[in-house]
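Can you read through this structure? Questions will come right after.
Each chain gets a letter, A, B and C, in the order it is written, and its residues are counted from 1.
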Amino acid sequence: MRFSLKPQDDAFYGFFSDAAENLKRGVAVLAELGDDKPDFQSISERLVDVEHDNDELTHSLFNKINTSFVTPMDRSDMYMLAGRLDDVIDNIEAAANLIYLYGLSDLPSLPREMIEQVAVLEAQAALTAEAMPNLKGLDDKMREYWVECNRLENDGDRAYRMLLVRLYSGEYDTMTVMKLKEVADMLESACDAFEHVANVIEAIYVKES
Amino acid sequence: MRFSLKPQDDAFYGFFSDAAENLKRGVAVLAELGDDKPDFQSISERLVDVEHDNDELTHSLFNKINTSFVTPMDRSDMYMLAGRLDDVIDNIEAAANLIYLYGLSDLPSLPREMIEQVAVLEAQAALTAEAMPNLKGLDDKMREYWVECNRLENDGDRAYRMLLVRLYSGEYDTMTVMKLKEVADMLESACDAFEHVANVIEAIYVKES
Amino acid sequence: MRFSLKPQDDAFYGFFSDAAENLKRGVAVLAELGDDKPDFQSISERLVDVEHDNDELTHSLFNKINTSFVTPMDRSDMYMLAGRLDDVIDNIEAAANLIYLYGLSDLPSLPREMIEQVAVLEAQAALTAEAMPNLKGLDDKMREYWVECNRLENDGDRAYRMLLVRLYSGEYDTMTVMKLKEVADMLESACDAFEHVANVIEAIYVKES
């Protein structure tokens, strides 16, 4: 049941646009890892703030869902979509926190392929923030979003595999390899989580078409 | 469609209470890892028993689902909830089995942060066992359960990250680090799985509200 | 709503049989890893082809879903099932690619337990390809499929755990351990993904029964 012309609905759709913008802000903070002398502690702390902002957005969405008689999408679909956006933030925050906790700031620089992983996340965040306002229409524009989203996820996979090859090449000592691997895994999970966001939207589209 | 006053329904709800109690029993066995001289083999073997008990509970639930004309919750929701409870058991059993297979019993003691992970799992198991009998009403009491569940999952994350920092600090030899990391990952997955249990219950609540 | 006697439906069911056959073909390529002198590069490249074939099958299924007025199963269930089959291929392709990229071909042979993981995947692929044509009926034959699927997943777990024990036994140097562990994890994920295929089919069955 859809009443998509009712102003009420805009609050629901608006949530997902706001959450995607907040996520874009978070990935921009993460991208400072590629700067000349990154402030690792500040990056980690600001990402905790971005995570809290997302928690508050989610909390008000759930309140709205629970006090609304009709909703423009299935309650469980909105619930799922918010969850997948939350997965992205969780992984990004964890990656930045571990870089700081592990003292990886002592390295001359993070491996180039890890910065490439972050660049893919930036592109995914921009794409997602751009697509989210079209959630209301779910028209053919979304198809381009899925295609591009899939392409970026492949880019992320490639960067991740090349990073693994470098990590195991003997360039770093064992403990550093393990620390970098842990961070790489979380960035890869964030990359996958962006694709899961697209999958949920695609599943909603399939159901409603 | 809900007929929650029919005695028939109690069998369905009863399953989830029984499964949560069985899980609590399993985590109590796991918690012996914090004892002075744990019997690693016995812990591992008794957790296999707990896993089998859960399998039998699940099997009888599925039989009941398939032979009942009406069920108090969606069949697929009950199916999903049983699956998430099973994930907790699987991870706990695997963690205890690997500790035994890896011969980690040769360490003077397991790292303090790993015992903290287990303490979080104990709190999660107690919370889940306490909440499950309220599944029938799904009233506002559940809200406290979700809040507390979320808090405990954060505690678990913190213990896990601090454990990683210790593992990569140079205190242990490389192979021991890898073994402990593998066990830590499984305990962290069990901790996440408890949150997934709460998520499924929340999704049911959102759908029915 | 089911019109299972309409020829139209056979196209939907046919997709899943074709995808399962393609998967079986992929696992047969992977199984060449157990040969005397495997051609690691060729195995990796042919698995990319198998992955592309699966992508094309999926693409035509989604087109069919979106242009059909009635479908024999829920659109979202078909969507989910295709996704889980895709997970198997993804993990297998990644495992073979990393073996090649890591230069693990320099080892005298891959660990026996890793070949056992692949043997379990072969049995799972054969079982899935055999079960898929029964998707249309979803009768009691499926029950045997789930039981056997569960048994094989346990075999896979056992091979994986024994492989971990060997990896951490001191037989290999640290970097080789890490590389083999990465591959083992992907094979284990493929094994889990086969069980997720069975879970989705079971969930469809529970819903329709």
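Here is the rule we go by: a contact is a pair of C-beta atoms (placed from the backbone, for glycine too) under 8 Å apart; a residue touches a chain by one contact, two chains touch by 3 or more.
Since the model is a prediction, treat every value here as computed from it, not as a measurement.
Novice: Is the contact between copies chain A and chain C built from the same residues on both sides or from different ones, judged by whether over half of the numbers are shared?
Specialist: different
Novice: Would you kindly give the rotation angle relating chain B to chain C, two copies of one sequence, based on a CA superposition and rounded to a multiple of 5 degrees?
Specialist: Fitting chain B to chain C on C-alpha positions yields an angle of 120 degrees.
Novice: List the centre-to-centre spacing of chain A and chain C in whole Å, with centres computed as mean CA coordinates.
Specialist: Here the centre of chain C sits 27 Å away from the centre of chain A.
Novice: Can you list the chain A residues in contact with two or more other chains?
Specialist: 174
Novice: Taking the touch rule as given, give the residues of chain C at its contact with chain B in the complex, in rising order.
Specialist: So the residues of chain C touching chain B come out as 157, 161, 164-165, 167-168, 170, 174, 177, 181, 199, 202-203, 206-207, 209.
Novice: Mind pulling up the chain B residues that touch chain C in the complex?
Specialist: Residue list for chain B touching chain C: 62, 65-66, 75-76, 79-80, 83, 94, 97-98, 101-102, 174-175, 178-179, 182.
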